[in-house]
């Protein structure tokens, strides 16, 4: 029995309990119990992991265990985590927890909503704990499909269009991904699907790599909002219900970066070094481009979605720099962006739930009517523009310093270009805050509105605390991740 | 003559026995006897499956090489029988209707004799045997399709089927004659030695391929499919879409690997092209369908394309993944057809927009349908994902990268139209949704079986492992 | 001159083409059936001829012919039954009227 | 001296406390909490200074002490960000300045902000700012400087936008943050470049000569024909210019006056705006050693800014804006002082000392001026000169203190401003006479506009007030008096004994020639101001305004710099970059995806005819299929 297995079993258990639960209170009970259990579990895991590392366990993956599944196809259920996955699991559990509270008031078919929500989180957790190509891909797709119903049924706005678009684009990506994975499997001798063993073998011929690296990278990159395949994200996030936006932007988009790093680049280092520059340019574009297009948006969710494009672009940008610092920064950026954007979407959801508009031209003077939410919104904004003391700063600085350490001039120059995005970020964040949070209340209707209720406060406060904690004491996280990215980076550098 | 040879064809023998029993029962059973007809049939079929299930790990040929028996054949036969059993269960509601209940017996007998034909087709070691099996499978099929003989649709479908079937089998026969002329023998074992890929043999092969492609409904030999599926009684359609398709695919693979092995380069190219057009055309037609049976017809066409991915490799992996795919596809498709037929029986509604808001009234049915659709679309953790993955592996192993990528991109389109049905049930609002009803125990049992299959076939690796274990010796 | 394989083959090929042509252009369903019969008979002839001329020392082709004739008879019977059924429904044998199910 | 950590922690704790629990407290309680804690901080700072400067010099210089330092974030073995405290003369001096002024402002605000909504929030923000500013000056490494640099930026943003319902305040805060943010980008890139070559962030390692070898090596490398270190330090100066409102990044400072007046006194006069000067002083070793060219640029920029804003200050009518522009101009002086240190003679350190000296004195008297202005505004509820006049009899204390401050800034002995400014002029003359004379003229202008301000407020005809203005309460006047005293005697501090560029002891000696010139100029301009503005009706200025209407108008419009920025941001960035990109994203990128979908749809409709429902056609297709395949094979084989 492996501790990691619980990350899959608990959601399954939750799904089952939800299936048999009769009324909304039971549903809520199940969700709270389950998500809390997951939160605690990830905390325990982190503790144990750090402990094991402190005891000098230098294995690349800890908590390893294999169950043979399809022996004739070398498909195993291989579990194992390193610092990166631990961090991601922590993030996911926090967001599942807060997402539960953020959608506390959901009335319309709550049971089914949480059913699909749990399936989604099942996929997410499964993806991060497995190190077997097949199993990873399976969990990846499990995480994708519930989005359709969640957005299409419980969403808002042009929900059906957005849901279909999101699902199809991501499925298209996973189609490329599947081709890439099969390519990796067969061109590495078709003896194992275990990532570590494939990396050990390291026998994928160059021409195969040049074919399959782009497939795999783009396949994951689409989920990481890689330009020009990012257009699902604004529509999807705009239409999705709060908790789903949180989980999707917070965690699911991280699957992209994680996969790009863990599968595409780790298993095909030569091609990564060969073709890296193309994707570097693309990611640089999405960093700057996302920020610029966020400036003129008027829908809160669109602004956030585009800023997500910019920030997730930064993740891919950093991992392509292939040095320890930048990559560590990338992972921290995944964490910090996950938390920040989840906070954003939670707050937007709460504001929208009250004002029934997300248009910053109609919102004004929220600070007067709902101070708690507004203050948290300002905090989220400041975190988003990389204010010291919040996670965003740590992540961005690590990325920039790391990227600039690159010996190649081209890399340093595009680093500076990417750096310029922080100014643009400031512009749209302050524009948004100035327009909608500050100022006098324009719409008399708003004066009646109430501030956050306890359940909303729970989710928001948890998120704010985690952002601040990551921003004020980053060193332990930084070390944990830094050690884990090292083997991968070494593979990339040495080859 | 050594009559002990009959012991080696126990599936066929026992099936003949079942048919005989049912025939006699139909004669003696009066009005009230008919009530238990489906029960008896199910029991007999179940017994047949159990009796034949455990694959004899030996393989060989009897009747002078006319008849083959291998574990793999046993498995596929059991799978087909299993599918037939489920079809029988789902047909019950329909057969209890006033206008059909007096011909219940005919239905079962015809159905099972079709199955018997397929068995022979599968087990054949000689093209004569194959031809007899094929015809034996398709002639009763025509009558089944035209079973609702007072319904225009059913009659027209039957007519279309029999005409195209005769046309295709005529061409097939002509092809066989050419093959005979070119090789001087029609034994599967002897033909490969004499194949040198000359034009006559090529033509023969193509005629043969067209004939079998007609049954698998490969584009461009598929045009009958949609009309017949739409017109035929739903249970017959489901039988058509899973059992006969499955058997035909299996036969195609065995014959390609056994007989036309020397011409592998050529037929791989042909299959390559056929797969691409089949998947694409099937998807393109499915997108805009309104009638759900027609919709499923086209989806089954594109599914046939995916099944062929297992064929093109011509490897053991391909073989086992193909059989596995047939099984999984059968379960998922039968689940949907079960829902469709019960709804048709209860409400007569058959269009996709009739399903709007089904979830609110019949949550269980629509949940099952959603799972089945996801399985067809290849979404984990449902069985369809695994089967698709394996056939892709099979094709990829042989280096058909581009083909696999084309097929993969087609999955997006297929996902799109499957999601349209999901959307109808879950998202679309309807002012007059199908009112909620309770389905009878036969249907419910069959649906539960399908549900279990959809969920477990993939997650329980043992199923595929067993199949691939007996994958040797086709 | 004595008759060679080619002559038989020419005959059978002509029958094949005629059959196909008939099947494709005749509007009467029964006429279409007859055309299919032509194709089948062409195949039967081939079997017999090949057996007789190319492989005289075996009977495979002949038997095949016999079986084929039998099976085809059965098939035709069913076909006629169905066609009659259709006639009951739409009061015509014109194949073009059988287009309720399309697109 | 580990207790210095408390100096840093106390305001931070106070910020959290007031920020989280503040709204539960009474106004007065919250204010007292803030003030008392800051009182403690001030005492500690003074004690630190005393202990530091009384400690023996090690071979002639005060050694750098790092009482506390921990690794906060590590990028690589060499590059790690520490949070710590570095005590050396300038940082200790800054501790004094910041804590003093901040304490004054805390006390002052008790009266000034009395009854304001969000009083607790105000004090929380003040604590946050104090914390960030202290952290900035005691930074042990350049990255810590950057961290707190950002923090002071945001606290200034929050404080400018304190009246968050006032559109002008919102706009001003946004402007301030974005402009400085843009400058900070330069700073950040500078840090990146520098650290890339030096492989360290730590000031000590950079300054103590251990990394000279690497730096000299790096100085030889060039990018676009300019030495990389010049790039690095130049970019850092952009950051400094942003914070210290050097031309052309000065535009945010005048608008920042939208904030409460005490805030302007603390942040936008005394402490934060001199952070740029402090940064240059901090990195002075590198500037002088490896990028003297940049120093000269700094000097020129400083001089131009100083002149430019002095001219604007002469025509502004909002008293706070006058003071704002005078601040810019004075900071220009400090920059010049640092910039002119490149005259490679024995006195190269003079400017450095002078600049720090002026920073000190200026902080005091400018804070005094702002607080005085605040007191006046408190009395007449207006920022405009026309609403004032003849206030001297109503508010005597304010009047006297204000006058003292004006004399100090005008450079009249024996007030503190005279000494520091005199040193700067001396340094400027040593550098280059032209520079010297320019600065002298600017000094004259300073005296002129300050007294214009003074006379307009306290003399001249009385504006009609709806209620007679009265002297402000003690909480307001006491800080004024204290600061006034500091302003009177601050000049006699032997500054050269504490702070010089090389750390060695240096005796300030007035250069009589320079001193006399400057005093004469100052007195003259004061006289002119008196003639112009003392009387009830001010003919000459009006007449001059007529004569030089063009210049006058341009000056009142601040030479249209704001308009230029407006144009760039809205017309170019918003209209010509963002909007097109957004359009492109929606219609081209997204449009392509939708196009693929719709084309698939239409294709599927276009081929529907194949399924015609006619058996014969099916058979025909069937046949075609066969023929096609055979043809295919024939082609392939």
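Going by the order they are written in, the chains are A, B, C and D; count residues from 1 in each one.
The definition used in the following text is that a residue touches a chain if its C-beta (ideal position, glycine included) is under 8 Å from a C-beta of that chain, and two chains touch if they have at least 3 such contacts.
Not measured: the values here are computed from a predicted model.
Participant: Please report the minimal path length, in steps, between subunit B and subunit D on the chain touch graph.
Facilitator: 1
Participant: Along touching chains only, what is the step distance from subunit A to subunit C?
Facilitator: Minimum step count, subunit A to subunit C: 2.
Participant: Return the chain pair with more inter-chain C-beta contacts, choosing between B-C and A-B.
Facilitator: Ranking B-C and A-B by C-beta contacts puts B-C first.
Participant: Using mean CA coordinates as chain centres, what's the subunit B-subunit C distance in Å?
Facilitator: For subunit B versus subunit C, the centre distance works out to 27 Å.
Participant: Can you compute the centre-to-centre distance for subunit A and subunit B, using the mean CA position of each chain? Integer Å is fine.
Facilitator: 43
Participant: How big is the gap, in whole Å, between where the Cα atoms of subunit C centre and where those of subunit D centre?
Facilitator: Roughly 98 Å, centre to centre.
Participant: Return the distance between the CA-based centres of subunit A and subunit D, expressed in whole Å.
Facilitator: 37
Participant: By residue number and range, which residues of subunit B touch two or more other chains?
Facilitator: 159-160, 163, 167, 171, 226-227, in rising order.
Participant: Find every residue in subunit C that makes contact with two or more other chains and list them.
Facilitator: Correct list: 23, 32, 95, 98, 100-102.
Participant: Among all residues of subunit A, which ones touch two or more of the remaining chains?
Facilitator: 168
Participant: Please give the residue numbers of subunit C that touch subunit B in the complex, ascending.
Facilitator: It comes out as residues 12, 16, 19, 23, 29, 32-33, 36, 39-40, 42-44, 46-47, 50-51, 54-55, 60-61, 63-64, 67-68, 71, 74-76, 78-79, 81-83, 85-86, 88-90, 95, 98, 100-102.
Participant: Using the touch definition from the top, list the residues of subunit D that touch subunit B in their complex.
Facilitator: Touch list, subunit D to subunit B: 600-601, 603-605, 607-608, 610-611, 613, 615, 617-619, 621-622, 624-626, 628-630, 632-634, 636-637.
Participant: Can you check the complex and tell me which residues of subunit B touch subunit A?
Facilitator: Residues 317, 320, 374, 379-381, 385, 389-390, 392-393, 396-397, 401, 404-405, 408-409, 411-412, 415-416, 419, 422-423, 426-427, 461, 464-465, 468-469 of subunit B touch subunit A in their complex.
Participant: Going by the contact rule at the top, pick out the subunit B residues touching subunit D in the complex.
Facilitator: Touching subunit D: residues 159-160, 163-164, 167-168, 171, 197, 199, 202-203, 206-207, 209-210, 214, 219-221, 223-224, 226-227, 266, 269-270, 273, 281, 284-285, 287-288, 413 of subunit B.
Participant: What does subunit D use to touch subunit A in their complex?
Facilitator: 71-76, 79, 81, 143, 147-148, 150-151, 154, 161, 164-165, 167, 170-171, 173-174, 177-178, 181-182, 185, 188-189, 192-193, 195-196, 573-574, 577-579, 581-582, 585, 589-590, 592-594, 597
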